[in-house]
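You will see subunit A twice below: alongside subunit B first, and alongside subunit C after that.
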Partner chain A sequence: MGTFIIRRLGQMLLTALCLTFIVFFMTNLTPNLEKLAKTQGNFRMSDEAVNSWLSDRGYLAPLPYKFGQWVGVAPGWTNEKTDNVGQTVVTGRCFLAATPVEDRAQFCGVLQGFWGYSSVFKTDVDALVAKRLSATGKLMGFVLLLMVPMALIVGILAGMREGSNLDRTLSTFSIASTATPEYVSGVIFIALLASSKFGISPILADWGWIDTKTLFLGSAKKAVDDATFRNFFLPVLTISLYGMGYIARMTRASMAEVMTAQYIRTARLKGVSFRNVVMKHALRNALIAPFTVIMLQVPWLLNGVVIVEYLFAYDGFGRLLVEAARGNDIELLMAISVVSVILVLLTQLISDIGYVFLNPRIRIS
Partner chain B sequence: MATQDYDGPILEIENLSISFFTRLREIPAVMDFSVTVQPGEAVGLVGESGCGKSTVALGVMQDLGKNGRVVGGTIKFKGQDLGQMTMEELGNIRGCEIAMIYQEPMASLNPAMRIGRQLMEVPMIHQDMSETDAYQRALQVVTDVKLPDPGRILNSFPHQLSGGQQQRIVIAMALMSEPSLLILDEPTTALDVTVEAAVVELVKDLGKKYRTSMLFISHNLGLVLETCDRICVMYSGEAVETGRIEDVFDKMQHPYTQALFRSIPLPGADKNSRPLVAIPGNFPLPHERPKGCNFGPRCDYFEEGRCNSNKAIPMAHVEHGDRHESRCLKFAEIDWDTPVIEAEKKEKAAIGEVVLKIDNLKKYYEVAANAIFGGGNKKVVKANETLSFEARESETLAIVGESGCGKSTFAKVLMGLETATDGEILLDNKAVQNTAIEDRDTKTVADVQMVFQNPFDTLNPSMTIGRQIIRALEIFKVGNSEAERRTRMLELLDLVKLPREFADRMPRQLSGGQKQRVGIARAFAGDARIVVADEPVSALDVSVQAAVTDLLMDIQREHKTTLLFISHDLSIVRYLSDRVMVMYLGHVVELGTTDQVFSPPYHPYTEALLSAVPIADTSVIKKHIVLEGDIPSAMNPPPGCPFQTRCGWKSKVSGGLCDIEMPPVREIADGHQVKCHLSDEELAGMEAVIKIAAE
Partner chain C sequence: MEPLTWTGSLSFLNLFFGLAVGIFAIMVAVQVITSLFAKEQTIHIKSDGTAATGAGIGGLISFAVKVTFVATLAIVMIYLLAGVVMGTEAGIFGGIAQQLTPVWFGMALIFVASIKFKRSLGLYGKLFDSTVGMIGFALVLFWVLAGVMAGVFDMIITHDSLSQASGMKNKLPGTPLRGAEDDEFNWYLLGGDNLARDVFSRLFKGAWTVVLIAPFATIFAFMVGITLGLPAGYYGGRLDTFLSFVANLILAFPVILLFYLLVTPEIVATGIPNYMAAVLFVFPVIFFGVLLNSRYHTQPKVRTPLLILILGALTWIYLALISNNGNIISTKEYNIWGLPEFLDFYDMDPSILVVFVSVVFVNAPTVFRIVRGLALDIKTRDYVAAAQTRGEGPWYIMLWEILPNARGPLIVDFCLRIGYTTILLGTLGFFGLGLESESPDWGTTINTGRTLIRAYVHPLLPPAVSLLTLVLGLNLLADGLREESLRD
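Our next item is the complex of A and B:
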């Protein structure tokens, strides 16, 4: 098992390196750099000005060398320039002009713990990503807490008697929930539950059942720091419903298949009651397939929450990604891709290990 | 329930009819079926697949699924009608009073639950036993079914046991609460013959010990003869004959029973002088049953207007015998003693030159000890060890052995699907052992062809039969134009005795036997000179087996083909092969002509194999040898002789030679070689395993 995990981690590093290189390559294409210079500097810059702006900041070095700087295996760029006073000013990737000469580091990259500076948000990338990641992590955690049990219950109830009315009803429900995009269900929820003019909130307020104007809040802005049921439930519900249908369908298919297996017949003909057939014999076997799917949903959640984060004004990882992409914020995008790769591979690792525990046929001897 | 002091019949099925309902129609699966099982009695239910025997079993269990329903008749268990019971009452009977043993032990055990839990569940549900008591009970029953190290077994998962052990667990599970009735649904079909013999022995002993009544469902007449007191032969949803074993086997009163016995190879049958008589035609599909007698269209005694009138034919009592009944209008008129009309005797083809020579062939596989998580140590599986033999033109060489003995590996190496580790395969004096199939020239590929075990999986389901044969012709570069190939394809259909219209049919429209014929046609598309037939008939029904075997023999006579017939079924091997090679754990333990191998002196393993084969003939007396334990894993073979762990003769060899040294290959008669340490005197003193009692 130990070697397996080490191998997986090595694989993860390699994938992260390859992916970040691709992102780095794309963001460093000439038109993107030009756009960066113009947004950061001045929109009416001449071509020469753009060039000097870029070369002053080390953007015009060869691509592998620049990538090496980001990783931290190549020395960061430095630039000497004479300012209008006639003094020589040395700027560099790894230090500010004010930094004393002896403190100036030569290497500064990911290996040294320096993730770079966000050109859009004007702040250090690592702190920014950490904050946004934790915000989205909170959202994801609640979504998983709501979505997974709901999906499994629906799937198992539907699959245990294939073709029954219960199955038909629950299947229709799960298909409908998957077929409704988040921007539709989110808007409906806001209109029904979080509007002071429409839906049930005015009625409830009239009856005096709620003290506030609306049942739920349509904005989750405050939930980043202080999540309450009232401001956080709607985004969680919107995402959960959308993801639930898919897992429920998978669980149902898996459960239905298990229920036709011969060992289920064996159990039934042993005199085991239907309830125990489902709980003791079918459940564990039926969970093997959906488990992988659930773990695959996690990375999807990380980036798939964009719409909901916008809809509910929640400052999370998804919004960060969109804004970084819009502003061609190279170092922020790089950090985001590293986080995404690690998260995808980490969930796969967990899914493989969990699989071993669910399925005794695969065991580490 | 007043079950203890009941002394009537355990199970009475009266005029039972079961139908399955589909959107299109009602499909009657069982019609007017009656059987009675007395306490302590074992009743065999015999018939081909699709005849409704398993449906009867599920009917008794009242577990017919959503579509199935009992539409007539009653099933009484100890006098109580099972059909009138509530789910709860049924739950009390299932697993407690009636237990069932299934065909595929692996599929019948929950893969994600420890064996112990699965066993303990039974008394915990039915007798409200505490967990510790249930564990003790499980330990005891596992010991009863003769499994070694019960504690460890109870703590393992099903996949950690071998097939034979799994089946013993299923039997143990059925015995946990000492049921009054045991239903065995083809309990040994998935097992090897020597394991089958041990399991059957066990079931018989336990049946006696616990005085359990049994309903034994099987397609194997020999097995039923060995285990049961009474037999019920089913055909197409109906019982056609029922009675005591002796009556039905020796004084049969139904044409189907008779035809069935004539189509299975019994000792004495011979492919040239006394060929098998196949039952003509096909088994009718449930919704295409003929009027009157279901067997009518295939029956030799069919009488127009009488056998196919609209009236249903009732079961009728036969004068002699005990509760012997037959569903035939004419049984009293038929002279059952007329000998079989001798089918034309066939000329034995002369055996020609050596075409295939195997010299010291070895095939080792390296497997990682841990498939998923990788990891260091590799293990070597020695699938074939020093195989040396020759095969000649027009010869049938049978390769016999249980699963894991390396017979299929040899076939793969010969075909070029694998390359040899060491040694030589000479095909017409050309070494081919290291040429993979992609690198072989068309001629070599066309020369060596294979007929596969399972005809259901080897045909492409979305291509017509004709297209598939033409495809083979294209690959073998036969014919210059599409038209030429089409003509050749039609000739091939003639060769395998399929109507030419079948060229445009899809595989799903064919029966198993017909599909296997297509497989044979495909193998002979490029005029194959060596055909490897890997268990070609074991997936087919008994009545079809004979026809397919005969077809292979006919083609062989005509084309002077060398046939390598891989099988575990010794009856059929004895019937059709010229020479026999017995394999065990990758070694050839005995090789000789069919007569030499099937008569003493034997290799101890051959002796055990012969004794294990059930023979459907009451006049045969067999020496009883039951092998202990399972076949050792090829990954970890025992030291010395591969068979020493299970050999009954080991004590006769002095100096513990069997434990230390691999026995040499000895020639004990011309062309008869044996790999054994036993002395010549011991070998000469061996008795025949199968004797036919004097009439």
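Our next item is the complex of A and C:
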């Protein structure tokens, strides 16, 4: 087990390194750097001005060297310039012009705990990412709370009597939910439940059942600090629905398989009631496979999170990704890709380890 | 001219329709709840020795569900048929039904022919034994026919999808067109969008974009996945480790970040999408080359002309696809010349190319993993060992022994993956990436409609519901195929 985890961690490190290098390469392509210079400087800069802006900030160094600076194994760039008073001003990646010479660090990168400075948000990357991650963590937590029990119940009910009417109705429901991407269901929910002119809100307001104009809010902007049922339910529901169908179908398949097993038949023949067979004999074995699926679903939820945060204007990690990518915010994008790759690989690792613990038939040698 | 109502002179039917749908919904809910608590059906042995289950309350409910379902379906058929005959007399639905007449004919024709000859049509014919599969197939067929007819033949649409009409901005469904000529269609059936364009026409023009890109992108992803996945699973070893690592690397990317990195005007300017196209599009050529060579290499007289012919044609298509204006890659700094223009019969729109390439790139690793897993499983079978003993080459075994035996899961996944690709295309449109902002495709339309969602939902709901039905159809189709292919 120990060597297995160490090998997986090594693989994780290699993947993270490759992936961040690809992101670094893509964001450091010449047209992207020009765009960055123009958005940060001004839009009518000449090519020469763009070049000097970029070289002053160390963007024109060779790519591996720049990547080394970001990792923290190559010395950060420094730049000497004479200002209009005639004094030499030294700027650098690791210090400000005002920092005393003896305090100036030579290396500053991820290894030193320096994640860089966001050019879009004008703040330190690590604090920004941490804040946004906690907001998204809240969203994900509620999503899992709603999605997992719902999916398991639907899957177990459908799988316990395969081919029955109940199974057919619930299976159709789960297929429909996997066929509805977040941007479709989100838009439909907003139109039906959060529009003051369309859907059920105007009717309810007419009847005097709700005091406010709409039943739910179409914007979750305030939910970051103060989440209420009214402003937070729609985003949570939107993400949960799309992810739910898949888990439910996996649970159904697993449950249906367990229900045909010999020991279930034996229990039935001994006269154990159907309810007890399902609850005591079938359930535990049927839940091994869905556990893996749920864990592997977590990184996949990240996509839904991006779409839903963008649609409902919720200031979380997903919206951060969109804004960073739009502004070609290199260091922020790097931090975001590190976080997401760790999320993906960590959930894979947990699902593998958990599978071993839950299923005594599997041994890792 | 009066604005149209939804059902026009057929509105007396609405009450019955509402009743049928309402009772159907209630009955389904009752059925679900009772089946949780109901005792299992008791079996009576009749005097002649046969066994029968008592109908009981469960039987009554399922009978009611069936009746109301058939009633709902019948009323919908009345709306449709009357609409085809009466046109806008029967309101907006009638108008839509009449505009879609060629689609109904096409669907009826294909369904009648398929059901008649279903025993001689293999897996496709078996689809017509399962209700779920038939519903799915009908939904998919509807959008394919509608997309082709609207996109290629300009049939269904009532107005040009890009032209704006004065005074039609954000108008509700059924609004008459102001100052319409006699030969023009007089209404905006589904209203106007925020630029006063016809929502109905844009919807079906947009269907064409989806119907065109999604299947082709999925086919290319399958070619890449199969060509790399088979040797990875069959040979194993270092090749497998390397390819699996690359596939996992791509899968570890959040899809939307990948799209933002690949599908921006800045990246298009560097020519990276063209390089990727040049690499990804070569896989079908390799696939068919190896496929035919491994089969016929023992008969050089057949093999050589066949390969020259097929590979020649495929290479020509390949070069025509990747080169535009005589260049494969053209950036500010340098050009790589490709097929000269007089041989280049098809110029792919650069914005479609970049969308296409990125969707193939995202899908290929998953297909690779599936094919690799299937190859790992199938290579231990006896018929593979038999082929090895016969002295067949590895590529013959992979492509002519393993691949045909893996077709069941692959066909099912192919249907699901077209649906997933449709969702990805919508995602791209939703973030305003790739296609132009005036493109009628569904994702882009949802994105533009999103800003006005609180005030006007009619430009937004039709594409949303259409995307839902198409993907649902593909998923149901896959489900039906899976069920039928497991049956034998």
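FYI, the second predicted complex is superposed on the first by the 349 of 365 C-alpha atoms of A that agree within 3 Å, B and C clash if a C-alpha of one lies under 4 Å from a C-alpha of the other, contacts with A are read in each partner's own complex, and residues count from 1 in each chain.
We adopt the following convention: contacts are C-beta pairs under 8 Å (C-beta built on N, C-alpha and C of every residue); 3 or more make two chains touch, one makes a residue touch a chain.
Since this is a predicted model, take the numbers as computed values, not measurements.
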item: Touched partner set for A:L269, first subunit B, second subunit C, both or neither; value: first
item: Partner chain(s) touched by A:S337 [first = subunit B, second = subunit C, both, neither]; value: second
item: Greater residue coverage of subunit A in the superposed arrangement, subunit B or subunit C; value: C
item: Which superposed partner A:R7 touches (first subunit B, second subunit C, both, neither); value: first
item: Contact footprint of subunit A on subunit C as seen in their complex; value: 28, 31-32, 35-36, 40, 62, 65, 132, 245, 248-249, 251-257, 260-262, 264, 266-267, 269-270, 272, 419, 423, 426-427, 430-431, 443, 446, 449-450, 453-455, 457, 460-461, 464-465, 467-468, 471-472, 474-476, 479
item: Residue ranges of subunit A touching subunit C (in the complex, touch as defined); value: 15, 18-19, 23, 26-27, 29-32, 34-35, 157, 161, 164-166, 169-170, 172, 175-176, 178-181, 183-184, 187-188, 190-191, 194-199, 218, 274, 299, 302-303, 306-307, 310-311, 321-322, 325-326, 328, 333, 336-337, 340-341, 344-345
item: In the complex with subunit B, residue positions of subunit A that touch it; value: 1, 3-4, 7, 163, 261-263, 265-273, 280-281, 284-285, 356, 358-362, 364-365
item: Subunit B to subunit A touching residues, read off their complex; value: 61, 63, 66, 91-96, 99-100, 102, 104, 107-113, 121-122, 125-126, 157, 159, 170, 173, 369-370, 372-375
